[in-house]
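Read through the structures below before going on.
Shared chain: chain A. Partners: chain B in the first complex, chain C in the second.
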Partner chain A sequence: MSSPTSATAVMVPRRRRRARRLRAALPFLGPALVAYVVFVLYPMVESIRLSFFEWSGFVGAEQTFVGMRNYVRLFTQDTVFWTALGNSVIWVALSLAVPMLLSLAFAVALDRKLPGRALFRTVFYVPGVLATIAVANIWRWIYNPRYGVSESLAQTLGLEWLQGIQWLGDADIALYAIFGAFVWQAVGTNMVLFLAGLQSVPPELKEAAALDGAGAWQRFRNVTLPSLRPTMVVVVVLTFIGSIKVFDLIVGMTGGGPAQQTQVLALWSYQLSFANNQYGMGNAVATVLLILVIAVVVPYMLWTARREQS
Partner chain B sequence: MRRTTSKTLAISVSAAALLAATLTACGSGGSTDEGVTLTYWRLAETNEATGAAFEQIVADFEADHPDIQIQVEERSTDGHKEALRTALGTSGAPDIYWSWAGPGIGGEFVNNGGSLDLTEYYEEYDWESRFNDVSMASITQYGGYHGIPSGFSGAGIYYNKDLFAQAGIAEPPTTYEELVAAADKLSAAGIDAIEFGGTVNWHLMRLLDNILETQCGSEVFDALVRNEASWGSETCVDDSFAEFATWTQEYLIPDWASLDDAQANQLLFSGQAAMVIEGSWFPQVIQNNDADPDAFGVFPFPTGTNRLYGDTSNNYVSPTTEHPDEAAMFLDHLTSTESQTALTEASGARSVNVDVVSDGASRSSLDAAWDEIFDESEGLYAFNDQNLPLAQTTEYWRILNAVASGDIAPDEAGSQFQAFIDQQS
Partner chain C sequence: MTQSVAGSRAGVTPTARTGRRHPDRPHTVVRWRSVLLWLVVLATAVLWMLPLAFALLTSVKSEADILGTSLFTLPTSLDWENYVEAIQTGNLLQAARNSLMIALIKVPAGLLISAAAAFALARIRFRYSGIVLAVIAFGAMVPVQVAIAPLFQVMLALDLLNNPLALVLPYIGFGLPYQVFILYGFFRQIPAELDESAMLDGAPNRRLFFQIILPLSKPALAALFILDFVATWNEFGIALVLLQRQESWTIPLAVQGFQSKFTTSYGPINAFTLMSVIPVLVIYLMFQRYFVQGAFAGAVKG
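After this line comes the complex of A and B, so read on.
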């Protein structure tokens, strides 16, 4: 056991060592830190600041402080905001359910030794590497009510109930039609993450469970799924963040129409700022989006970290 | 250890310098030892002959001024609008840009300091005497001299002659009642009377704009778009939305909400729809789509006010340009009688330069029809996305789309729009 004096004596060199390490690391961290502050932190803070101002976005134009007025207008008068918020919530909920379950199912299926496994993995993954705007174009043509694949298929198969559907023109179904394209694009990427996670499941655990008489479902539920928890956290967080800021697919397929019925928060923020030149309102929407992301992602990550520790 | 620290310091300083250099390089235009580069943003050219004529004009200018390069960037309609709204007022703005001149687009740019006042160049080059009155009015409407005229267009109803004949319509309608009767006849013959692409909101907007002018008359129409009359209390607004709803539900192609303007126009070219409202530039579009211009006719929307529905467009100089003199030199060359004659002969469209006379060689029967429409019209009412401020335009589009799809009752549309205007103010 060391005395307090000797402990202090140890602490001082340790502090010095830390300071010296920091000095050595700083030149390496510096450029990244500068880039982070300039390109991430500053725009974020600036965006929040602008949400309390009225500004047309032109450099020479005056920025007028309006306090909470942009938020009041957003929540009480904006004719599109609540539609956009509702659509964003629907989009996130569907994204956390449909593509995640599908990609997990594909990953489990393609983790087995199947003929053509590599081909299937590639086929499912390819849509994920396409530019989203290209995906939007592909699906716009698929959904074209006169010349699209959907209409041709419906006619060829004689499915009258599927004929003449305005996939992107009917406000009641347009959002879900766009979501179909999103699923097509997103499943492959999540599948690859799950496949990577499945490689970390110890085979001896599965074998032991099988020897103990556990069926396929029990092995999946009690062995595979718990082992996939770290991957699941990553996929859930990435899916949540990616889905709440969905933008380019909507722009490419409907532009938020018809009559703003497929509008989402990220796109509405952009359109208020860049199409309407209402940067204060646009940044207020962006701030709401930021708060939503922080409010969900941070507690979820803390909760998972605590579960991991316990 | 000291040597290592020095090395890391050198690396980090280099990285920072690289970062700074990259940031500095982000910008448009500029000058080098070899000369000046002017950036010029414009709409993508849809006509091959006009595009070639424009390229020759630029090449001629660069040959006459070896120290000046013109870097042209072209975009689609919506892409161009967005690019300008994003870049103007910043260091990324072009030196020269083309834009529609109405208050809702060009006016926003001018009023927000996105345009250089060219008064001194108007005096230096004596530009005022070069252009027609309509074009000059668009230059001086915001005070000073903002921009230099580029074009002026009318918009009317193009129709498929064969489909009109099939439906038993002998002559183009001259009154609104005759137009509705023609639409009825077309529908009765199993023909989609009119087409618009709904995914670009401004296409279908043209129908409502014209119905408003018809139902309200020119004075009330102007008062409405200037926010001097209430959309909520003028009965003609309710009548207009009711008429508009009838058109969209009975005469419009059923899949309007799923198509853009280009896709919808294919239905006109292929004989699947009978009418559309398009501009005096449309004969070129018909030719570009390998359709026969003689198979189509054009007549003004029979509003009864005798005003021409259309717009003016100008080339503006950005106030952030470092080369206003060179920009003025180029604009002088672009609008000169020689350059404008070449453009007019290629496009068939009317020039803003009063000294340009077309020899008629490249003009189609539709261009000749437009000459008559221009000559017989008195005054202009502009597209409403150019009349209304940007935020109001977005709401106007939302409401008209919702009326067209039956989500807003026609008698509620005007008051909803007025409520939005009141909130904005």
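After this line comes the complex of A and C, so read on.
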């Protein structure tokens, strides 16, 4: 049946066949390429270019080339940038620890045939589908210093030490209070990924280990965890991407305050460009963010490409 | 190994003995452990529901109840005033209309464009298709904020600011990478023999795409459709920059706007927030299995 097509294909020289394939592909690829280049790729490259300029962002205002000056200013004079960088690093590190471990524990627990486990899964997953900005509002209310959870607990149980805690107003705890909301939202998604990964653990292996007398922890450590490694890599990368770009939650809960102490890179870049009209500085922060992402993500992409080939 | 078995049995016996009514000792231990685990899971689940429960409870309390009693006390009477106030003062309906319009256009259009691109990359395969795929997939990992200031300038130059309909364009751009990546993996798994039967007809690729590849990919497309609908409904960062007039706001902007305008109207804020999440909650509960499938596709394909 297929012989006529393959016969002509053999007769056409390779180069022309390639050109023909490209021409055949273009109608399908064209719309995506246009949308991607105009709205994603070009702005990304443009933000790198703008990071070497001084510009207010207003149409008609002059763009002055200043070389590395924005970066020098950022690293030597801008204390908020250092706070934002530090907070972003803390945020990524915490995200790779707390929600990861919790979601793994939830997944392992709900992989067993517990009564009502479908309902439990739903309960843990639901915060993940809510808009982050709505989550921010829900948690602002929980953290309300006068009517929130801690104050109500303090009144109901007479716990004086809980009284008057400024969860979002105290520079020492605000970032971690916001992180609590992040954990609530992030655990369900990772849990579903881990649950999917747990399906790939060969049950024979677990049974064999149980027959050999391995305890629950040993079975987990020596059978389950190694089989979860591919899932683990995916969750780590997704968690990294999700946490380095944290923006909505901070905007919704503190706006970077108090006194810029919950500032993060994505938000500081936005505020420099749009609130301070310092496009050069804002895009320099964006470029730093881009470099951080590339440093982690490109090795990962190369690794998956190699894995797919083998 | 035999030693450790003996050891663990020995360690288990004392606990088993306390539960005398059950003669088969190891089972009793396992059962008690399961019950304990179940209780821990239950307690955690209750804890997980509390934030939404507090929001719901507060949303039906009168202002006097909210300010006068603790968070945990039930309202003296159900008060729906907060919902009325939220709808009337918060522009909720207009924002919902904008969000719905954006999602209903963006999701199908974006998915079709992604599927077509994935088809070209997976089934036609031309010279640099590998590189094109990598460049597109890279976009899935880059935070929107990296490109947001120049994106604002692009939309300004095209005279498309404050236009909710125009938001569809950058949304399609930023939605492409993940969808192309997932669909590429899916299309690659469809056996190649199917292509050849379609090739015998006049317009081979178009026919192949619309009549064979797309129908065969329904599960993946459905999962992506639902996930993308929720993601589009919830998007905040791009909309914040491109929609600055209130009448063009989407739901997340209206939620944030309401919260910052009526900082201390706790009842209406909670009512507004809850109403804003109802559509995605309904969609999630209706199409729950697609969320799992979507996550699974991501986990397998990486």
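Here is the rule we go by: the second predicted complex is superposed on the first by the 274 of 310 C-alpha atoms of A that agree within 3 Å, B and C clash if a C-alpha of one lies under 4 Å from a C-alpha of the other, contacts with A are read in each partner's own complex, and residues count from 1 in each chain.
Methods note: a contact is a pair of C-beta atoms (placed from the backbone, for glycine too) under 8 Å apart; a residue touches a chain by one contact, two chains touch by 3 or more.
Just so we're clear, the structure is a prediction, and the values are computed from it rather than from any experiment.
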item: First, second, both or neither for A:Ala97, with chain B first and chain C second; value: neither
item: Partner chain(s) touched by A:Gly257 [first = chain B, second = chain C, both, neither]; value: first
item: Touching partner for A:Phe247 - first (chain B), second (chain C), both, neither; value: second
item: Chain B versus chain C as contact partner of A:Ala208, first or second or both or neither; value: neither
item: Partner, of chain C and chain B, that touches more residues belonging to chain A; value: C
item: Touching partner for A:Leu159 - first (chain B), second (chain C), both, neither; value: neither
item: Contacts of A:Ala24 with chain B and chain C, given as first, second, both or neither; value: both
item: Which superposed partner A:Leu289 touches (first chain B, second chain C, both, neither); value: second
item: Touched partner set for A:Val72, first chain B, second chain C, both or neither; value: neither
item: Which superposed partner A:Phe274 touches (first chain B, second chain C, both, neither); value: both
item: Chain A positions touched by chain B in one structure and by chain C in the second; value: 24, 27-28, 31, 35, 57, 59, 144, 274
item: In the complex, chain C residues that touch chain A; value: 1-2, 4-5, 8, 34, 37-38, 40-42, 44-45, 48-49, 51-52, 54-55, 58, 66-67, 70-72, 113-114, 116-117, 119-121, 124-127, 129, 132, 134-154, 156, 169-170, 172-174, 176-177, 180, 196-197, 199-200, 205, 209, 230, 233-234, 236-237, 240-241, 251-252, 255-256, 259, 266, 269-270, 272-273, 276-277, 280-281, 284-285, 288, 291-292, 295-296, 298-300, 302
item: For the chain A and chain C complex, residues of the former touching the latter; value: 1-2, 5, 18, 21-22, 24-29, 31-33, 35-36, 38-44, 46-47, 50, 57, 59, 106, 109-110, 112, 114-115, 119-120, 122-127, 129-134, 136-142, 144, 147-149, 151-152, 155-156, 184, 189, 192-193, 195-197, 212-213, 215, 230-231, 233-234, 237-238, 241, 244-245, 247-248, 251-252, 265-267, 269-270, 273-274, 279, 282-283, 286-287, 289-290, 293, 297-298, 301, 304-305
item: Parts of chain A lying in touch with chain B, wherever the complex brings them together; value: 23-24, 27-28, 30-31, 34-35, 56-61, 73, 77, 79-80, 143-146, 164, 166-171, 254-255, 257-261, 271, 274-278
item: Touching residues on chain B, where the partner in the complex is chain A; value: 4-5, 8-9, 11-12, 15-16, 19, 81-82, 85-86, 88-90, 108, 112-114, 198-199, 201, 254-259, 263, 319, 390-391, 394-395, 398-399, 401-402, 405, 407, 416, 420, 423
